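Right, I'll just put the structure down here and ask away after.
In this document, chain identifiers A, B, C, D and E correspond to the written order of the chains, with residue numbering beginning at 1 in each.
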Amino acid sequence: MSSMTETTSAANDERSRKLTAGISEGQLLEVSMGPHHPSTHGVFRMDVVLDGERVVKLKPVVGYLHRNHEKIGENNSYLASMPYTDRLDYLCSLTNNWAYALAVETLAGIDVPERAQYLRVITAELTRLQNHSSVIGFLVQDMGASGTPLMYAFREREKILDLFESLTGSRMMCNYMRFGGCRIDLPAGWLDRAKKVVAGFPQFLDEYENLLGTNEILMARTQGIGALSRELAINAGVTGPLLRASGVNYDIRKVDKYGIYDRFDFKVPLGDNGDVYDRYMIRILEMRESIKILDQAMCDIPPGPIMDPKAKIRGFRPKAGEAYGRIEAPKGELGFYLISDGSGNPYRYRVRPPSFVNLTVLEDMCIGNYIADTIAILGSIDIVLGEVDR
Amino acid sequence: MLGEGIVRGLAETARNFLGSFVSKERLTTVQFPEERLPQAEAARDFPFLVYDGEDWQAGMRCVACQICEKECPPKCIFIEKSKDKKPDALGRAQFYPARFDIDVSVCMSCQICVEVCPFEAIKMDTAFELSTDDRFGGLLWDRQKLALSDAHYHAIHPTDAAHTDELLAAEKAKAEARTKAAVAKASPAPMPQPPAPAAANEP
Amino acid sequence: MTETIDQIFVILKHWLVGHVPTAVEPIVSELLSVVPIILLFPLLFALITVMERKGLGRIQNRYGPNRVGPCGILQPIADGIKTLTKENIVPHSADKVVHLLAPLLLVMATFLGYAVLPVGRNMVAANMDAGVLFFFAVGSMTELSVFMAGWSSRNKYSLLGAMRAIAQMISYEVPLILSSVTVIMAAGTLSTVSIVEQQSGYTGIFPHWFVFTPWGFAGFVLFMIAATAESNRSPFDLPEGESELIAGYYTEYSGFKFALFFLAEYLGMMSISGMAITLFLGGWAAPLSFLTWIPSYLWFFGKLFFFIAGFIWIRGTLPRLRMDQLMNFAWKFMLPMALINLVTAGVWRFMPTGILRWLVCSAMVVAPYVLLGRGFMLGKRLEKRTYRFAD
Amino acid sequence: MTLPFTIIAALTIAGAVAAMSLRNLVHCVLALTLAFAGLAGMYLLLGAQFVGFAQILVYIGAIAILTVFAILLTRGTEPDAFLDLPSAWVSNSVIVAAVFGVLVWAVHSSPLSRRTLPPPPQITVRQIGFALMDRFVLPLEVIGLLLTAALIGAVILAMHEKQAAK
Amino acid sequence: MTIEQVQSEIQSAIPGAKVEIILNPSPSAQHSLLLDHEHVLAVATYLRDVSELRLDYCSNVTGIDWLPREKSEKVKVKNLVEGVEQEVEEVHKTVVPGYLEVVYHLFSVEKKHGPVILRLRTEDRAAKVHLPSLTPIWRAAEFQEREIFDLYGVIFDGHPDLRRILMWEGFVDHPMRRDYVEPDDYEYEPTPHDHVLQRSREESGRH
């Protein structure tokens, strides 16, 4: 297994040593980027050692936003953890809801009615749209584009958040899904509005590609930067657009076919280089696929109940046992691992956060690159500190 | 050719620059204090206690069952049960909250209290401009501040409120039927237990 | 009549100078040239900040500042009050004297450059024989103050920012000066006033601006790229690239000193635009012969306005380059192009006028541009990619 | 001695003295820059615009920055302990004073100092240009060649270092 | 492949490896394999590289704290009661010692199946909390094992960089343990706010 030697973190130390060979200690510059740094996407710190502007060592430091989410989950009832999941990755509360609901449904063996499944798909794909659009906005913003791409992304995101608000009552902390279905049905006229928003989305993507798709500066800044090999990506548990940009065909929507994803016709875009540019483009292409799913789902959605009648809201006590439920969240594999001891609170409530695990390879991608690339690479990983630190 | 992408980008920003003067689609800003978007019907901010009729103390639906206190995820509700009982909307004697405080600075607007309430007594308000200069006291709301009329509920969530009314009416009819049956049997009427409607299924 | 309006400020100055005793006459005369510059350009700076914020806002589909005064026009006053009343924080370990001197020196150096800019016919503070040289000489003084700011703050970000700024300014000074040398060659003088006068003639209705020649156009583009880098504007704003270095060399500055840096940045941007106008766009000369009735200073400031708008537009569109790419661009693209352009200007000068001269000189500029540009892209293998799709 | 001359001369000398006596190397460079600026002021005072501006461009814009880079890239800016011994200091000042005295005496006794100066010629940039391209074209080219050689040498040195780093 | 097949495959490939199936009674039916410490690295390498499973992707690493719990058994004992031998039911209380458990959820990217769940248990909760680290096999475990070390106090032998990750260096306890007691002082961090300061002092005086 020769390739596997390169996937260990010892390889990083080896590379650091090589880069710093012949350089005295005093010539290296240690910079602590963060926790209050404009482009660390929250309170995140990178202890960087620089040789000139070249990164020779980088250690991510997290935990500034740690609130022991898992402990809170253990001390609360199953239902009461649902609003807390909104606060994990606060950009995509609906997919968090779904992952948690899926884990509890697996644990307790609850079915979800057809209409609720469609509602979940629609809201989750809308979440993916708004997450990806803001992420590429943030990424280009980090590369110094004065906010213009970000503002365009936010303009579109706002339309989707308005949809969320009129459906769930809140723009970001949606708290929408329940074990065995969804909380409330679509209000009148919602579907038409959503169709209009989705129909306008490709235009935004075209605009985005005009603005930056062939921009020489963007290409120079992103192509060949932070390349992540296939083997390392798999071994390090990297998921989501990062993994697919490295050319690995692994989309949980296709693999697990959770919910009703096997009913939709969509494709999984794959990159070949695994660099920042590929991650950027994969997100754009994924948005186009999400639009396809949304078109189909909003066309096919059947009438019917939105909650499983057997599902209990008060006094929900699943049988003792355990379950791991995972979905393809916009940032990667979001999993919830629950252990029930038969009481009203989970004995163990574990979140498998995609951005936290994806951060593992940050050093691998950054060593040898310039400090400005670090920012671009971090932006392309797409972390949300609410989820990293929990 | 070098510079092509840059020129395309410049053309796009120019289009947006001009577009922001002519198209409302592009310039989506709402200038908040002067312009206000209508609030969505599903909007939720902080809970309030519904009361029927005019007097908030007499008409309060809450029976201090403390389910919401237990289920509240951030534990921001404090309830003290009353010593005595007062008649509720159906005329049955019920406890009432002697104290019902919500720490709004802790509340996370999750609506779980509304979902678990079997008496349709707590609902979500839509008022959001609640700033206060008192950091500790000003955000701890007592039952008087929390009590809002059923009419207010109808005004902010008409569909929801209509549905709630149906549920309550059905319950009332059931209760009346049971009382009648009990009277007909002329046996001592059992203490009517409020049946728990599936609150989660409300549309 | 148009002549009077055109020269009104000159006449006014002479009239005022005529009323003071002879002993103080030279001092008063100089004061009357300097004070308007010191008053006018900071005022323009205030206007430009609000214009920039509103322009960027519109580019980004939002309003921009619109709360202070009608349409937010008084925003700079609010900003000014805010910065002036802010606490002046000096880091504990900073070199206090140098820390204080740096912004002062920077503003002084940028102001000096205005001395040789002819803002209108007969309107120049100092008509020097070596005006262009003077402009670049004082421009190079800013590097030192940037270093002082970055070094004295004793902050790693500041130092990195200062190092970047100096490396960038030195590298881009070379193409900047080389591209303006073409104009000096063509005009045969270093005096800004004579350079403008040489461009103020017309053929038919079209002006004799240097930008309307192949070498002039190429030189103008090169000059503007280098000028953008010199004034640390996007996409060359690495020294203060806030996503990497917080605010670069002025990270540790606050209050009034911070405002001075801000002022210097905009003053530098305006003065270098003014120099570009002087060298390539005929200074205060009207763009078409029948428009000469409009006063010359209005033309100058109108052109300046367009330059500023261009800077804002570019800032609203482009992401930032990386340090090594910036350097590569300066030394591997800008410098060869500037040298080729220099040769082209010489060829233009010695060829007989006619269509052939146009063709030869255009080819001499366009061909290396295409070749160098392609080499630049291929060397980095930059391309638009296609992607696979899996089911 | 006019007032501007006095001010500029005082500044120049102060800068030069500070450049020698300050402890922090970066401060020394900044003081040295002041001396350079004073020198440029002198040139301007003498009506030699071109030389004055060239002095600013080259010495302040380039040499000072180069020195600063050299200091920052090679060593710390704070020196170690001050190692000078008082005896050396005393003997050094005696030598310096003696040299200065001899120079003053030589200048003062020379007939040149008693000659009346002709009015300074008004030299324009154009004349300097013609002179450079005409009479001094060979020295100019030689200097150009020398600088090119130095440039290439520097590039080769840097490339060598880069390869060694790899 | 069922869990039993996986078990037998491991046992045949790695002689001496103890593999115990932990059944999961819930509807999810995600059963797991309990491994012994000595052979876990070999088993993991086998699962990743050699077997039919090709579990190249370790998704989730979870720490669990199982407190010592009382197990009551009703045992029929013969006793002499008032001189007569009688069969009496007695409740025997045995304390099952607590332990820390680490659960690995493995999937296969290549074959697109999973999860196969591995469990490792420490001997107790206090001193013998060492477990072999699986980070050399799956890099994905690096941060998650650090997190478990941080929050549960499991010491992973062979982990390249075992430091606290979410809590700060110098923090003493392991907050995700079930018997963790909050220090209850962080709510009143010192601020210029006099009132808060006062309360903070009172609080710290009490503890």
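In the analysis below, contacts are C-beta pairs under 8 Å (C-beta built on N, C-alpha and C of every residue); 3 or more make two chains touch, one makes a residue touch a chain.
This structure is a prediction, so every number in the text was calculated from the model and none was measured.
Enquirer: Would you mind naming the chains that touch subunit C and likewise touch subunit E?
Expert: A
Enquirer: Ignoring subunit A, which chains remain connected to each other?
Expert: If we ignore subunit A, what remains breaks up, so that the groups are B, C, D | E.
Enquirer: Whose C-alpha centre lies nearest the centre of all protein C-alpha atoms?
Expert: A
Enquirer: Please identify the chain with the largest separation between its CA centroid and the CA centroid of subunit A.
Expert: D
Enquirer: Of all the other chains, whose mean CA position lies farthest from subunit B?
Expert: Of all the other chains, the one whose centre lies farthest from subunit B is D.
Enquirer: So using the touch definition from the top, which pair is joined by more C-beta contacts, C-D or B-C?
Expert: C-D
Enquirer: Averaged over CA atoms, how far is the centre of subunit A from the centre of subunit C? Could you give it in whole Å?
Expert: Computed from C-alpha means, the inter-chain centre distance equals 43 Å.
Enquirer: Averaged over CA atoms, how far is the centre of subunit A from the centre of subunit D? Could you give it in whole Å?
Expert: About 60 Å, centre to centre.
Enquirer: Taking the mean of the C-alpha atoms as each chain's centre, how many Å separate subunit A from subunit E?
Expert: Here the centre of subunit E sits 27 Å away from the centre of subunit A.
Enquirer: Approximately how many whole Å separate the CA-defined centres of subunit A and subunit B?
Expert: Going by mean C-alpha positions, subunit A sits 31 Å from subunit B.
Enquirer: By the touch rule stated above, which residues of subunit A touch at least two different other chains?
Expert: 148, 152, 155, 211-219 - these are the residues of subunit A that touch more than one other chain.
Enquirer: Can you list the residues of subunit C that touch 2 or more other chains?
Expert: As it turns out, subunit C has residues touching two or more other chains at 59-62, 316-318, 377.
Enquirer: Among the residues of subunit E, pick out those that touch two or more other chains and give their numbers.
Expert: In subunit E, no residue touches at least two other chains, as defined above.
Enquirer: Quick one: which bits of subunit C touch subunit B in the complex? Just the residue numbers, please.
Expert: Per the stated touch rule, the residues are 55, 58-63, 66, 313-314, 316-318, 369-370, 372-374, 376-377.
Enquirer: Spell out the part of subunit A that touches subunit C in their complex, as residue ranges.
Expert: Those residues of subunit A that touch subunit C are 29-31, 37-39, 53, 140-148, 151-152, 155, 211-221, 223-224, 247, 249, 254, 267-273, 277-278, 281-282, 285, 370-375.
Enquirer: Applying the document's contact rule, which stretches of subunit B touch subunit C when the two form their complex?
Expert: 1-3, 6, 9-10, 12-14, 16-17, 19-21, 26-29, 31
Enquirer: Which residues of subunit E touch subunit A once you look at their complex with the stated criterion?
Expert: Residues 24-28, 30, 49, 56-60, 62, 64, 103, 105, 109, 112, 115, 117, 135-136, 138-144, 147, 151, 160-161, 164-168, 175-176, 178, 180 of subunit E touch subunit A in their complex.
Enquirer: What part of subunit A is in contact with subunit E in the complex they form?
Expert: Its residues touching subunit E are 1, 7-10, 62-63, 66, 68, 70-71, 74, 106-109, 232, 234-239, 248, 250, 255, 318-324, 326, 333, 335, 337, 339-340, 347-348, 350, 352, 356-357, 359-361, 389-390.
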